[in-house]
Amino acid sequence: MSDLVIRPIVASDESEWRRLWTGYLEFYKSKVSDDVYASTFARLLGNEPYDPKGFLAVLDGRPVGLVHYFFHRHCWRIENVCYLQDLFADPAIRGKGVGRALIEAVYRVADEAGCPSVYWTTQEFNYAGRMLYDRIGEKTPFIKYQRPAG
Amino acid sequence: MSDLVIRPIVASDESEWRRLWTGYLEFYKSKVSDDVYASTFARLLGNEPYDPKGFLAVLDGRPVGLVHYFFHRHCWRIENVCYLQDLFADPAIRGKGVGRALIEAVYRVADEAGCPSVYWTTQEFNYAGRMLYDRIGEKTPFIKYQRPAG
Amino acid sequence: MSDLVIRPIVASDESEWRRLWTGYLEFYKSKVSDDVYASTFARLLGNEPYDPKGFLAVLDGRPVGLVHYFFHRHCWRIENVCYLQDLFADPAIRGKGVGRALIEAVYRVADEAGCPSVYWTTQEFNYAGRMLYDRIGEKTPFIKYQRPAG
Amino acid sequence: MSDLVIRPIVASDESEWRRLWTGYLEFYKSKVSDDVYASTFARLLGNEPYDPKGFLAVLDGRPVGLVHYFFHRHCWRIENVCYLQDLFADPAIRGKGVGRALIEAVYRVADEAGCPSVYWTTQEFNYAGRMLYDRIGEKTPFIKYQRPAG
């Protein structure tokens, strides 16, 4: 039986973290500069309350997934809410419960922080993701608008 | 000709701010406790970098709209992004450009902060809002999921 | 008080019908050839059971709106269903109940035909239309796909 | 290598057709009466121009999928359009190209009829279906509304 461990990202994870996060960014046909890799990794390891934190999913000793989350204010609440921004599981190991375990780890850390409200966004046509999200979360009627690019 | 001024919310605005924000919350068939009114208003007036700030729209001397926004981290960027959370224009004065002026004020403050990326969410069926958002922003393919209620 | 009459389209309506239907097609940034105008108008006046039929809305003696509908098979039913394809109310008279009266006329004719199931489609971003449709109909989770253009 | 044949439904297919169509209806958490099974099967075998027709997908001699389609009027065109109403592939054999082959068979018969415009609808959350439809068709911005149930 395979052994899945979800644990906080630590400094020695940098190269594996970079590989997995790159896979996530490529899924969104996106990329970021080395400065952003450096800045985000430093924030993940730091202690600033509004900076992102993250978990790594390790299956049989091999990093196979990650999640990034952070807390932010919400005008309708006193406590913060938790935004689960990035979620990735290596496509080669889909179906092993890695995505679900990563989301549930965020649910737990949000509960511990006293900020149990967790949300995320996804592209309407991310069918594989939504198959999971419909089971572990609930779709809201909210859609995202953004300021047009300069 | 009517005179529309967009200006930061100040302490003496509390009762008018409360009236307008209540209108907004009612639009979403929601309400918040007095503690939340107190906490959010205090944050709007404070100086914490991750707390919400806001603008009031004043038409011919009368407060007729408001916007709340705050900055938060984004793993894909070094600088923060700006989340425009609450936007309200008194339905009685719709069509005067109040909503647009409030959003543009947030665009300006985001630029000044070096965080030009601004976004917001809205319910898919908020037709009146989307008529404006399609002109001043752009719809993304992102939809929001949330952790199911307890 | 204004006087709104919904009545079947007749041969002498051709020029007014053409004016109104052109308005509808322009709303969809579309146009059709003279052959299509001629063919569709002839079908509206004919007796073929699967051809489109239509109503004109006449407000204070002036044609201000139209609807086209037809019946078609449905594999899940013995009786046909009614597809309300085109609905138009002169934008200048919006808010007079013309759209609602036209849809309700189709509901009645569908009932008389023993085919009470009526449906229509609309663009997701047709906000003005959807404000009406949410009151008089119900949104289904169905979205439309089509064969790609040649 | 497996052998996939798409062929018109014939009278001797009734029991296999019934089994497959029942699977489709169950996917939509629906069912129909025996009268509807009888009526629809008779129409599939008949020659009425506005009645549904269908194809069976046979993989290695075993019926594994079906499609129903029919033509109907369209006010914007002289020729009819083709509505692909029901599409089903046995979940046990997904990934063998059965759905795609059935849709392409409808494309061909629509071309032969001089009515190349083919469309279908699907529930927004039919992720497995949409993975195929995004490859072989194109999503339109049209959503379906219906008359509320009596």
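Order of writing sets the labels: A, B, C and D. Residues in every chain begin at 1.
Operating definition for what follows: a residue touches a chain if its C-beta (ideal position, glycine included) is under 8 Å from a C-beta of that chain, and two chains touch if they have at least 3 such contacts.
This one's a predicted model, so the numbers in the text were calculated from it and none came from an experiment.
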Just grab the chain with the largest centre-to-centre distance to subunit B, centres being mean Cα coordinates. D
Approximate Å spacing (C-alpha centroids) for the pair subunit A, subunit B: 26
Please compute the C-alpha centroid of subunit A, do the same for subunit D, then give the distance between them in whole Å. 39
Determine the centre-to-centre distance between subunit A and subunit C, using the mean Cα coordinates as centres, and give it in whole Å. 47
Multi-chain contacts in subunit D: which residues touch at least two other chains? 125
Based on which chains are in contact, what kind of graph results: line, ring, star, complete or other? ring
Which of the residues in subunit D end up touching subunit A in this complex? 125, 127-128, 130-131, 134
Under the touch definition given earlier, write down the residues of subunit B that touch subunit A in their complex. 25, 30, 32, 35-36, 39-40, 43, 50-52, 68, 70, 72-78, 83, 85-86, 107, 110, 116-125, 133, 137-148, 150
